[in-house]
Structures are given as C-alpha cells and as structure tokens.
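In order of appearance the chains are A, B, C and D, and numbering begins at 1 in each one.
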Amino acid sequence: MEPDTSVTICGIRMKNPVMAASGTFGYGREYGEVFDLSKMGAIVVKGTTLKPRMGNPPPRLAETPCGLLNSVGLENPGIDVFIERELPYLRGLGVPVIVNVAGETPEEYAEVSKRLDKAPGVAALEVNVSCPNVKKGGMAFGTDPEALKEVISSVRRSTSLPLITKLSPNVSDIGFLARVATNAGSDAISLINTLLGMAIDVNTMKPVLGAVFGGLSGPAVKPVALRMVWEVSSAVRVPVIGMGGITSGTDAVEFLLAGASAVAVGSATLVRPDACLEVVRGIWEFMKEKGVMTVGELVGAAKRKVDSGAGCPRGTRDF
Amino acid sequence: MEPDTSVTICGIRMKNPVMAASGTFGYGREYGEVFDLSKMGAIVVKGTTLKPRMGNPPPRLAETPCGLLNSVGLENPGIDVFIERELPYLRGLGVPVIVNVAGETPEEYAEVSKRLDKAPGVAALEVNVSCPNVKKGGMAFGTDPEALKEVISSVRRSTSLPLITKLSPNVSDIGFLARVATNAGSDAISLINTLLGMAIDVNTMKPVLGAVFGGLSGPAVKPVALRMVWEVSSAVRVPVIGMGGITSGTDAVEFLLAGASAVAVGSATLVRPDACLEVVRGIWEFMKEKGVMTVGELVGAAKRKVDSGAGCPRGTRDF
Amino acid sequence: MHAKTCRKGNINRVMRDEAAIGLGIVKAREEPAPGYVRLRLAFRAVAERARPGQFVHVYPVPLGLSAASRDAPVPQRRLDPFLRRPFSIHDADRSRGEFAILFKIIGKGTRELAEVRVGDALDVIGPLGNGFSAPVGYDRIILMGGGIGVAPLVLAAKDFAGSHRVVTLVGGRTAHDVLCVDDFEAAGAQVHVATEDGSLGFAGQVTDLFESLLSQGLRGVILACGPMPMMQKVADISQVAGLPAFFSLEDRFGCGLGACLGCAVRVVEPDGSRRYMRVCKEGPVVEAQKVDFDGT
Amino acid sequence: MHAKTCRKGNINRVMRDEAAIGLGIVKAREEPAPGYVRLRLAFRAVAERARPGQFVHVYPVPLGLSAASRDAPVPQRRLDPFLRRPFSIHDADRSRGEFAILFKIIGKGTRELAEVRVGDALDVIGPLGNGFSAPVGYDRIILMGGGIGVAPLVLAAKDFAGSHRVVTLVGGRTAHDVLCVDDFEAAGAQVHVATEDGSLGFAGQVTDLFESLLSQGLRGVILACGPMPMMQKVADISQVAGLPAFFSLEDRFGCGLGACLGCAVRVVEPDGSRRYMRVCKEGPVVEAQKVDFDGT
C-alpha cells in the first residue's frame, strides 16, 4: 500500500499537507508558468488589504546567514482588484485558495473579509496579524492580546469562511496568543510569520533595508518555528499550520511531528520555484520508508513520545 | 596614527570591545591553554548560581542551520566553589572578569551578588534573567517586567559592583524591558541571550535535546540580535553590549553601528577557540581601512544616518 | 503547456516557452581581469532564447560533475548562501547551446561562484526579464557601461550589429576596470574608453565622455548599465539631448520571477503617479525617464 | 608557554604541550566500504602526540589547497555547517607526521567531509581527550568494536601490541559493516568477527561473541567502542566476569575542549552520587562501571 498524503484542515480537503506561504507565491501566476500548481496542497496568496498599498522603499531584501530579511510592506493592489483580476485565475487551478488578509484597523480586516465571503473560490482566510497597527502606535495586532481578540472577533462576524490566524513569533508567550485567537473564533492557527530583524552594511554604515527593519525567514528560523508549533499545538485544539525554514520533506516532517497538521513553504520557493512539490515528495518518501500510511499518524508524534517520559516539560528546563 | 580599540563600559576599561560570552568560555582555563587571554576585552564567565547545579540531561547540543541549540541548564559548581577555585585563576589573567549570575528567586540572585561583592577581582556582574523562575511557574524573569524589576532591584541593593542585565530575546518589546532594568538600577544592558527553539530527529521521531527545548545562538540569530540592539540602544541611555551570531570583525562592527558599545562572542568560540581575537583583529582592520580612530565613532553611527533621513522609524514600517 | 518534470539525471526543463530551469555545465572559466570571472555554460534552452538585457538566476555554489550525474532529482543545495544571484546574459552562442556570464567578485555568493571548475554544474533559471529593445527610427545604438555594467552590453553589441551601427562607451575607475573592449570590437562596434584616473582613453567619467561625444554630434538609442549615480546622469543627459535611453537596473532579487515583490524600483507612470515596479519581471530594462531616482 | 600566533600561511600551532591547532593536509583518501571514508592527514604535532582513544575536532569542510596557501591568517570558514565534528584518531604514523581518521557518512558534515580531495586542507584541533589506558596486572587487551566503533581501536591494537597480547572482536550488522579486519591482523592482533545476519564469522551480536569467548576462558582488559546499547551490555557482561572495561563514548560536541559543557554523560561517583561528566575533556574514554546508563 502506498502512503496517503491527503489531509483535511477546517473542512478544506488538500491532496497533501503542503501550502505555498503567503507573500512568496504572489497570486500564483508566476509559478503557474513553472510547474503544475494542481499538485499543491493549497495556495496562500499574498497579504491583501482593502485599499491598494505601494509597499516599502527598496532595498526590500537582504540575505542573512541561512535566511533572508524582507520588508516588502504588504504591497498589493487591494481587495477589489484581487477579486476581479486574480481570483478567477486562482479558482481555475483546482487547488484550495487561502487569502491572506491584512489591515490597519479591525474594521478594515472585517471589510476585506466580508468582500471575500461573497467571492466564489476562496477556501479560507488567513488573518495576518503581524503588520503594524498604526492606530495603536505601531504595536502589531499579533503581539497585543486585546487587539488580537478584537481583530479576530470582527473578522469572525463578517464571514462564514474558515478562519486561520497567522501569528507573529515576536512574542513572549505564543501559546497564550493562540488561545486568544481561537477563543475569538479562529478555526486554525498558522505560524510563524517572520522574526523582526535587520542587517547593516558596514561599507555604507547604514541599514541594508530601505525600511531599516525586516522580517527574517528561511532555515535560520526553523528551530524557533518548530518550538512555537510545539507550544501552540499543545495550547489549542484547532489545527496548526506550521512554517518557517522548510526546504525539504524532512523539515516538513519535523513540523508534523511537532504537532502541525499541515505546513507551508515560503522562502524556499524563492530559490527553487517548485520547492513545495519537492517537500511533498520528501514527505511521501519518508512515509513510505517508515511505513506511515496517513499524515495523521505523524501529527504530534514527537510530543506523544516525550509525554510518555522521554523529556521534560517546559516548566522544568533550564538554560 | 593607529586606531585605538580600547573602550570603557560602566567604568571598566577594556583593551578592546570584545568579550567572551557567558557559557561558551567556561571559567577561562580551557582557552587559557590555547591562546593568550590577556588580549581579550573582557571575560564573562559561565552562569553561576548559589548552589551547585547538575544541568540538563544529554544531548545538550544540536546543530541547526547556521547555528546551534544548547540546553546545558546552568550546570555550575555554585558560587562558593567558583570564588574559591576559579576566581583566583581568572584574577591573574589581567583581563576584566564579569560574572554571569543566575538564580531561581530574587533572593538567590541577591545572595550570589552579595558574595561576589566581597570577592576581589570581579569587574562587574551580568545578571542572567533568562533562566526559568520556578516560583513563578516557569516564566522567565526576563520576560515579565514585574519579576525583572524585582530581581534587578534586589541585586542592586546587594552589591556596589557595576550591573549588566542580560535580556532574553523571547519577548514582544525588548526596549521596554531594557527600560525596566535600567530604572531598577542596571548600569548596562547585554543582549541577546538565546532564542528558545527546538530540533526534532525524524529518525527517532523525538526531540534531539534531552530537555526538549534549547536556546538558539550563532549566525542564524544575528539579524534578530542586531535589531534588538538597535531598539534597546534607542530605548535606554546606558551602554549596550551586543551579541548574537558574531563570527567576524565585520559582524562586530555591525553591532557597534547599531548602537552597541561593546560586543560579546559566544558560539563562534566553540568552533574557533580564538574567535574573540579574530574579531578584535577584524575590528581593528576595519577601523584602519575606514580611518576610524576610536570605537566610539562607530557606536550607533548607522542610527545617526537613518535619523538624518535615510530610512523610516519603527512605527511606519510594514511587513 | 508544462514540460514533464524529469526526476532523474541532468535534464533541463522549459517553463511555458519563456525560460528554462535546470543545470548549466561549465565549459570555460577565465579571469579577464583580477576580481572578474567569465563563465561559459552549456544550457541550450537558455542560450537559444537569450535576448540581450535578459538575465539568468543562478544558485552560486557549483554542484560538481558528480552531483550533476547523480540520481538526485534536484541537486543537493546548500542552505548558506541561501538565495540565487542574478547575472546578465553576457554572451550567447545559440548554435552551440552555450551562454556566458561575466561577474565581479563582491561577496559571499560571487566568491563561491568564482571557485567553479570546468565540468561543474550550476543551477540556472533563465533567460528572465524583458531585455533591451530599440525604438524604431534610430540606426545607431549607443551602449554605455560603467565597470561591470558592460556585462550585458556585449550580447547587445553582437545582436544589434545586424540591424544598427553600434557605438560603445566603456568606463572604469582605472584601466584595470575597463572590460570587454576586445569583445565589443570583435562585434564590429566602435569603442570609446573613459577612465576616471585617465590611465586609459578619455580622462573622466563615462558620462563626461558621453557628453563630449554628444557635442560632437553623436545620436542614437542609449542602452546603459552601471551604478545608480551614473544612471541618473545618463537619464539627465539623454533627456536634454532628446534621445531615448534604457537602463538595465540592479536590485536585490528574491524569486527573480515576479512573485515575491522583493525587487522594487520606483517609477513614474505617464499620469505622473508613482509605483514600485518589479525589476525582475517588468525589467531589468527600464526606460530612463520612467525611473524615479528620488525613490531609490 | 604560548606558541606565537602566526598570522600568515599554513603554520600549525601547539597549545601548551597538549593539543595542536592548525591545518591537516589530506594525503590519502579511500573508501574501505561503501559509506565509509578513511583520510590520512599530514599534521606532525597531532600525529606525534596521538594516543589511542583520543580524538581530533575537525571542521568538516575541506578548504582546498588554494585556501591553505592563501594569505589568510585563518582559513575562510563557512557558517553552515557551523560546528566542528569529533573523530577518533584511527591511526598514526608518528615518524611521517601523519594520522588517519575513519568515518561513516551520516549527515551534513560527514557528507561534506567525504568530498575532500588529496591536497585539501582541513582545520583540525587535536589530539584531544584522555585516551585508552590499561590497568596493570593484565597481559591481554580485548578490543571490541561495533560498526564504525572500530575506528579508535586500530591505533589501540598497534600501540598495545608492544606490551600486551591483543584480541579484537569486530561486530557489524552484515559482512559489509565489518571494517578494518586487515588492519587489526597487520597489527598482530587475533581477530574474531560477528555479524548479526551471520554473513561473516560468528552469527549474532558482538556481545554474544564476547560472552562465548569469555566462557572459553578469555580474560583481559576490555576497550570497547560502539552504540550505547552495546556498551551497556559490555558493561554488564564485564562486571559479571570481573574484568575491567573502558568505553570510548560518543556525544554531541561543541567546543571539544571542556569549556561549553555541551557534551555530558551521567556518571556514578565512588560515593554513589551522580553528576554529568564532560565527555570531551574527562573522556571520551570512561570506565564502564562509571557510566550511569539510566542517565543517557
């Protein structure tokens, strides 16, 4: 018997547990020229806001050890243009399409979600709570429990689509924020978004990025992402979509073992356009080799081993 | 004229701005067999507690992309053994010795500090507020502002030595915690300690580390460390000692430009025993090439460039 | 139509008539000047499609022949350096199925790339981007390159030679930084050299040389590549002279395919509005007057 | 005394009579079996000081001859893989100033290390650790290696051959995993082989073979190296037999010098108390009865 890689997350049936991460896959078109997108688990499109956004000044990317910083700044054409020009293409791909929703106020999030609620071909919304909240003085929704609750609640009221909350890793207690999001009505949690970082060019003696700070992603962040997936999947009962530094099937399996029900691949796609398919193949080969028949058998398996005695819980570790 | 690499931090005069980071340099002896320690800026010894500590079960190390996880768990012989057996050796080196102090309660921190206050040959204390606080249910002192204030205040009362607070990067707002520490009497801030992370072995399907979670260090974390140094050096007026992923003189210069007055080298020493001296040489060569005569000219220089218009402040950046 | 994904061996794949993805085998490696490396790569699908001004996106670590011949579906790639690097297509021999890149060693990636040996395999996507094109009505092309900026101009000189007269202005700080003069001459182009220190040709910047030639009556379509300050001068001069000018721009690239929005240059639209353009997809060649130099 | 830090070229440095740090030049490379590589390295200070059971701490990426001869004070090192890797000193030719390591390809580092070519330079610290020693009163040494565990035993066989009779028990899953039999025989040791699948020698685990030989009257000091479950069995069997046994342990190393406390094995002190021991500095050779197998 062959392994079955299919999974169902909040009612969305996927051929495999591998999604394209938001912001690294555009609206799909560019990669549609490179490989057969119907083989993917799902596509999460780039962060979309109510109004068009111009994005941040260049440079917007900086390579760092085993990773990269980006400060794209949510450049997007706005929700109406998305629905009119991009969604029809995406709908035709035969793959669940998840729309990453961003905004500056809870009302803006709600309005974007409402418009998507009526647009056919959207499988779920991913609420991106890591962009700055200008109203609240630059504090991101994803780091303030009250603001997070407000955003998720208002999005919840404005749509019946499945809601995935994408958490920021720049927090002290990610499990707590995950509980806030699920209590406010989120059907799943995805993480991690990027870690806030920066790079300096010693020659110019200035920050490399035009926006000074940027978000760190890629293999460098994988250990932090795995730990947060482990914590969140212990803190909430909803499915967790894990990401951060996945470049291979083995990386993805680590996330599944840590408690993720599905994974997303971001930065790796920038290097290898079909990285998602590589990851799918790697997961399949791992399952085959180990005689694992369903993805579900892997989900959280490492935690079950530790709970049964092979390690200590968080409270007792020291550094 | 040759560049002058000497710096003075909270009254401690150092030949150069490069310290050995706590926990990666033991109590100096092992490296004393490899190179001339008197050439270093300062030595920060391993985290020391009131009572001896056994540390965590193995494996305690896991390599990760461009970094490593450790879960040593503050193994140390206790403050009295340190003062009796290790301090005399360290005192003889002709290098400022900074003792990294850890504990489970504010009282324990205070007691360790009191004993060190009377011990000759200690230049300063580095208060490690990133180890678990069992009293408070595993929440680290470094992530809870109230607990942080209590620890730093009680250490402050128990010693007249210069106090450096070593902050945990696993927080939402590092600048705020830095202010809490300085308001409570800290004379300097050092950062970053390790980012909480984990690794999973897909073959055994278990966490690699015996303690499950560990602290991530090395080049992978450099972008996060730089950003936090930038934030903290804007938030407080005391000197900042920057660390996290430094392996070369250029890396160190990035930290200085971001606002650090001195730097520490940790993980790199595990690979190249004399990494600190390499870093010193690299800083010197950079200064020579650029015609920079004193370290002070570099400190915060990138910030001054941005303030003068070449970039946007935190509140306005987007992701 | 999707070409089939071939999971074994070194078989390259064409992406919907546009670009190919696969392995380029290093056929030749030379150092035309200290710190510069020219590689000739065998990759037929790239060479055949290459137009001047397009680029290839290359993972900068050589994989070695052994890696290329191994049974791996995708060659083992390292995690550091992480990203691909963009390089202009410097030359193309379509009949032999080979193309060349010329690069300057500046950092981590180019340092590693400089270590390739003949026979190594490189992971390449290309040709990408729009490439140079000349508006009708001009029979002369003026190529201007500063430093390594000459890289894309050699193929331009060759390809435009059939239809246009080609004049090339090559600038560099010193004589050592003046590259490819022989190549331009071999392509039948008239070559003018400028060095800032006067060690070769005209003493001054290439833009000074350009102004002096304009004052002598030079006219044509300008295709230029070089550092931003030079580009800005070229934009100003060509506007005053009323000549069309196109730039091949540089920026930090992520995907190179137009998906990540990591590469951005601010441009002015005909209606005066400003927006960020994706250099990799809508460029790298941009009309000079379109670039908003304040936004870079 | 500190040897002077030499900032240029390939000059190795001795650390206070103990270990040396510097470049080992690859003199030979062979694959004794698929997936295993043996490297012979020229590094006089290491070879001369090497005792059996000690290890070298190696940065696993070859630097290449060019790198070694360049003007760099310390060879350019990559950031990924990040750490050094420990390998037992497998053999040493003190007069030629060469030593060998034998390793199994298992992950990122050993995969890269397997790619070295003759002439490459490797960054080495060594010899490190305590090494094997035999208590007085025994004229026979029993070497036991499981799988790649034979690596440190070859030098042990050679060095103890002068003073002791040496018996070697080599175990592996199949005949393919049985390494170094020739080397042990060349060193004058009597060799017994065990394979789990019975494809060579005794059918069973090396510990089964050990018990069978004990029952035939074999006595001596046991020096063993292999996976933890095998070690535990050896500890049990040797305790029952009343024979002294020493293990060369494996653990994940950071510094390899005793400073980072990253390598830990739990040991039982004579007073019954338990503590973590630094495998790199106080080991890697540990008395069998000292290891607290519950704490690993």
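The working rule: a residue touches a chain if its C-beta (ideal position, glycine included) is under 8 Å from a C-beta of that chain, and two chains touch if they have at least 3 such contacts.
Keep in mind that what you see is a predicted model, and the values were worked out from it rather than measured.
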item	value
A-D or B-D, whichever has more C-beta pairs in contact	B-D
Chain whose average C-alpha position is farthest from chain A's own	D
Mean-CA-position distance for chain D and chain C (Å)	52
Chain centre separation in whole Å, for chain B relative to chain A (CA means)	32
Chain A and chain D, separation of their C-alpha mean positions in angstrom	45
Centre distance in Å when chain B and chain D are each reduced to the mean of their C-alpha atoms	35
Junction residues of chain C - those touching two or more other chains	79-80
Touching two or more other chains - residue numbers and ranges from chain A	55-57, 64-67, 70, 72, 218-219
Category of the chain touch graph - line, ring, star, complete, other	complete
Chain D-facing residues of chain B, complex	23-26, 29-31, 33-36, 46, 54-68, 70, 72, 75, 218-219, 247, 267, 269-274, 277-278, 281
Residue numbers on chain A that touch chain D, as the complex places them	65-66
Footprint of chain C on chain D - complex, ascending	64, 78-80, 115
List of chain B residues in touch with chain A within their complex	53, 55-57, 64-67, 69-74, 130-132, 134, 137-138, 143, 170-173, 193-200, 202, 205-207, 209-216, 218-224, 226-227, 230, 245, 250, 253-254, 257-258, 286, 301-302, 305-306, 310-319
Residue ranges of chain D touching chain A (in the complex, touch as defined)	79-80
